[in-house]
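Pasting the structures here.
You will see two complexes here that share chain A, one where it goes with chain B and one where it goes with chain C.
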Partner chain A sequence: MSCGNPQSDVKDPGAETPERRTKPKNKICLKCKTEAPVIQVRHALYCRNCFIFTTSGKFLKWFLATFKTTDIYPAFYIGVSGGPSSRYLLHVLQTQLTPRKGKGNFIRPGAAEKLVVIYVNHANVVPGAQNLRKDIENMIKGYPNAEIIEVDVDSAWKDSQSSISAQLSGLPGQPPSGTTSSSTADLFDSTLATSSLESHLSLLTHHLILREARKHADGLVGKDKELPLFLATSATRVTIKLLSSMSRGRGWSLGSGEVQPESSQFGMRIYQPLLNTSSKEIAYFNKYVVPDDSKPVVNRTFSTFAPPKSSIDRLTEELVVSLERGFPSTVSTVAKTGNKISFAGEAKEGERLCTLCGWPARAKANDWKNGIAITKLDDKVESTESDQPSLADILCYGCYTNLTDSRARSEVNYALPGWTNEYAESQKLTEESMREEIKDCLLDDDE
Partner chain B sequence: MIKRPKTGQQVCKDCFFFAFEEEIHKTITDAGTFKRGERVAIGASGGKDSTVLAHVMKTLNDRHDYGLNLFLLSIDEGITGYRDDSLETVKRNKEQYQLPLKILSYNELYGWTMDRIVEAVGKKNNCTFCGVFRRQALDRGASSLNISHIVTGHNADDVAETVLMNILRGDVSRLGRCVEITTRGEDTIKRSKPFKYTYEKEIVMYAYFKKLDYFSTECIYSPEAYRGFARTYIKDLEALRPSTIIDIIHSAENIRISDVVQDALPKQQKCKRCGYISSNELCKACVLLQGLEKGTAKMAIGNKAKHISQEVTGDIRTIPMFKMPEQQQKAEQRV
Partner chain C sequence: MSTTTNLKIEFGGGLEILFNNTPELNVSLSTQGKPTVRDLIKHLADEHINERKELFIEGDTVRPGILVLINDCDWELRDELDGELEQGDVVVFISTLHGG
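Presenting the complex of A and B:
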């Protein structure tokens, strides 16, 4: 039967990978030592029951080490795409909401009063993608106190006041033309490189989840208290993310929480508890445990059915899958490496945020790029001074590279998300507060 | 006209040569790489990178008056049909650039050639031996010439590949170091990479249009399969987005290893047997050589190496004591 993939006749590049996998000698389950194994995870064989116990046990162990048994939050937020990892996280997380028996007579209360699922709908921007709200509603129908917030990618352009079309040609920003939805379409339509498209979508999705979670949390606990937001990034996905983010020049944000199990961003405490669980384990867990009527749904992305060399993410995915086939510890090694990386900037510098992706941005990062290549032979320096900040000043290196790389047409009109001006204002405040801090050392020129 | 792989600009040959050389000059001056009057060895293999490096270093030294004393330093690994031919190229480069040349062989230093090592360990892990032995051999060669600074032809593609390899292997200690232009511990010879931001394709273009005399055959002992993945990945990334190579280097320059991990890394010390810098009591070269001498070479690779006895019996060859150039000079004066 055909899988429907037009590229299915393309030769599998991983097929020639030298086989380095160690074949276990004993053909019995590693844990119970009685049953016949059904799955091999790295070098260990498990029977069905022991596999389910071990996999869910990883999450439980992490959860109990991270949250005190007496902590009760008004809500747990979780970003759900409907795919296998988020389906798995939904399943294991909801088990922590209901009271359960602890040691002795101790009854452990539920860790949160409700579960808020945030779903970002890509259907308007990804060709062939569907709105999975109904599927996600179906997934959470049996869970106590679960609610769903749906947000369209288009909503990033709500209240948009800035565009970057003119800035790319060296002129200050101009207001966007057209309506909110046409601005979104313009960004994705004008971007011809699939690598840039998937990067825009991934960053916007992450940011929208954060903003929606924060907006909801403001109504529950006010602006000052952080609430937990769970993201279902698996070890396999974080490996791909780490390598592709490195390839996109996003080293600065990698240390700020992009690949770490815990971080704080935008007033939310972000947890990524699946960084030690591979996509294979998740897929098998879903197969064995999740009921048939609420199985995960895989939606189309920009690189679905595309050959490996069509985009950075797709190419990286191919590399990781090929390597994991021959060298089964690759994913766990890289996932752990991500946890050893920390933010390279100073605390104050870290407050400077990219207005597009919301991750910390290094000041004048693009000057570095210009500094390593000679593009003009004379010493003439074009005057670019203006009251408006230049594009490189408001974006991080990775977003700047993405946007300028996607400038495949002579005339483009990239509207910046609606939060751009809000962030620009907050950064001005940061500079003012820094000035306030050093005011004692500043002398008037007249003195 | 040429389309520059690094910038995508269309330029004439002369402008390309000028931009290529001046970018390297900028890399050197921005990092404060050299001191006036310094004795500098150019690691020369006869390949395109080191040949272009020798040409550009000579050109820039004259044009910008660096005031450097340049030398060519080659290592003869003892690979028949490969290194012997490439060393002929280096000998011609010596005449072309009028630079003194020193050749140090593995056989002279370790008593083993790569041909014999491959006979003993097979083709699978021989790159481990070659890499470890070459690093020490370069430092020892430089020290014998009273040189404390070596420049190598590692280009941006090599650096990006090394960054990825270190991530894939989880080698965080090297991840931070591999993007430095100049690396130096307290007791080691300085190493610099003036081509850190130079694309491999541009080096090939430069060598091709300048008609430089270089040796272009790959090593007959094929590279590791694992590194091959990283190399292919980088090439494919470059095809997708040419700036990726520079972007990877930028990323690596902007990450930091967390303090907890940094503190847990092994501290650098001197090898008890040969005096070379090491993170264990015995340096890797001594462990590998001991394995070769005792006929347990495969044991010397990977985690099993920790269990190798550090006792030295009288019948096995060891590496001579390493001395920094100043120590070497004093020792020679005493003799």
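Presenting the complex of A and C:
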């Protein structure tokens, strides 16, 4: 093995071994059998037209299998960051919904009366990030019945003066100090690790999209009916998410929806139709099909220009793209494996939802954490004497680990988003309604 | 005998940030014989990136996650690094990496 020193005489014996790549033997398009190929997807070669047809056809096939032809929805919601995957999803979704004459009008238009694009602006939180509202307006300008809802990450803290926030700030019964925006800044300023920053931002973005979609849907169909929300997670991205989520301690809830093609959360039916489409297919499709004046825009993230070891997500991304280049079919295999993971927690005791991320949380995350962490005896004595419910009692292990990764360490000094209180209340209601259902079977203490 | 080949280079997927926010470049490559993609990558890394070259180049190739198209054709179908470039070719580099 190499010692890592480039000047060393000791070399890694595997370093000089060339990548094992299988070259396709045929030099014609797999589909039309006549044209010269221009793209290789895994081990298949396509000409330009067949590639476009096959890629959009993959979405169409999924769409027709998922939505009944008789259903007409008041709106389809779609989370758009402006990046390649969401630009691609926006294009194929709009293409299917826009009435056109002639070839290419694959399905009847009107599955949804309008398309609502939800964009979460990161410019206030991520250094160097731009507000992409104008770029996204440009992306939908040609489409009828499309509207944009823009929301700032800061707005997660609206109505955040909840008992949970106060409790987490270490001041029971008092609202957290600071304004809405300073709470956001506090959260991101006091988080040290890039992994946690990325995790906070991803979680806030997901929930803001959900909540804005639900708020809009309430006005259209009332509170009881689910409407479709589309998210543009690609096969490459879901593979990264699957591996990094497990690394962050989110394995318990993986089968519940984060990496699934369909799930329900916060009254929205979430669809992730690109879980079988690689980032390479998306990039080529955008290059070939999307007009030059509305190409995807890549915004800065916390790890832009950062070395691979700067965060769990970055390092996982490095692993996955290397795997994709060396062994092209492996990433789609991992992504498909993610689809098969099912949640096994229903039969367990103490099942509950995390009040921050909303996914199932394993009971007693703190016990688990204490079991694998080195703690001082003093801290342990202090924590057992406290009457307050601990963070671990209301959060999942992943959120708990992220939140406690701050300068304060032993005390979380910032408020949590407003929805935490709402989730906690809804869980109480669920427990009460369950008790109501089985009340005839319960024995009173007096009996 | 040295020949000069003029090429048009385009960047996408955020890669333009590495090249001083320049989405397009015109490059003249002087080589013995026809230049290859390997020559172009080395030229771009040496002459057009001021810092963080490692985000573009790894060894003598582009980093995993960066796609290359030569005249709208996947470079994997054109011998990748050994693919020869012609006068006036358009070479596109697209990053699929969020962090880079």
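Rule of thumb we're sticking to: the second predicted complex is superposed on the first by the 363 of 447 C-alpha atoms of A that agree within 3 Å, B and C clash if a C-alpha of one lies under 4 Å from a C-alpha of the other, contacts with A are read in each partner's own complex, and residues count from 1 in each chain.
As a convention for this text, a contact is a pair of C-beta atoms (placed from the backbone, for glycine too) under 8 Å apart; a residue touches a chain by one contact, two chains touch by 3 or more.
Note that the coordinates shown come from a computational prediction; the quantities given were computed from them, not determined experimentally.
Chemist: After the superposition on A, what does A:S303 contact: first (chain B), second (chain C), both or neither?
Modeler: After superposition on chain A, A:S303 lies in contact with chain C alone.
Chemist: With the two complexes superposed on chain A, say which partner A:R48 touches: chain B (first), chain C (second), both, or neither.
Modeler: second
Chemist: Which partner does A:F327 reach: the first (chain B), the second (chain C), both, or neither?
Modeler: Once the two structures are laid over each other on A, A:F327 reaches chain B alone.
Chemist: In the superposed arrangement, which partner chain does A:K280 touch: chain B (first), chain C (second), both, or neither?
Modeler: Second partner only.
Chemist: Let me test your reading of the model: by the given contact rule, A:Q265 touches which partner, first (chain B), second (chain C), both or neither?
Modeler: A:Q265: touches no partner chain.
Chemist: Between chain B and chain C, whom does A:S245 touch in the aligned arrangement: first, second, both, or neither?
Modeler: A:S245: touches chain B, not chain C.
Chemist: Just checking: does A:Q96 make contact with chain B only, chain C only, both, or neither of them? Give me first, second, both or neither.
Modeler: Touch partners of A:Q96: none, neither chain B nor chain C.
Chemist: In the overlaid three-chain picture, which partner chain does A:T236 touch, first (chain B) or second (chain C), both, or neither?
Modeler: After superposition on chain A, A:T236 lies in contact with chain C alone.
Chemist: Just which bits of chain A does chain B share with chain C as contact spots?
Modeler: 308, 311, 322, 326
Chemist: Which of the residues in chain B end up touching chain A in this complex?
Modeler: 6-7, 9, 15, 18-19, 22-23, 26-27, 30, 163-164, 167-170, 172, 175, 197, 225-226, 229, 233, 236-237, 239-241, 243-244, 246-248, 250-259, 261
Chemist: Along chain C, where are the residues that touch chain A in the complex?
Modeler: 12-14, 17, 52, 54-55, 64-65, 67, 69, 72-74, 76-77, 92, 94-100
Chemist: What residues of chain A sit close enough to touch chain C in their complex?
Modeler: Going by the criterion above, the answer is residues 37-40, 45, 48, 83-84, 236, 279-280, 282-284, 287-288, 295-296, 298, 301, 303-308, 310-311, 313-314, 317-318, 321-322, 324-326.
Chemist: Using the touch definition up top, name the residues of chain A that touch chain B in the complex.
Modeler: 18, 193, 195, 242-243, 245-252, 254-255, 308-309, 311-312, 315-316, 319, 322-323, 326-327, 330, 333-334, 336-337, 340-344, 362, 365, 368-369, 371-375, 377, 397-398, 401, 405
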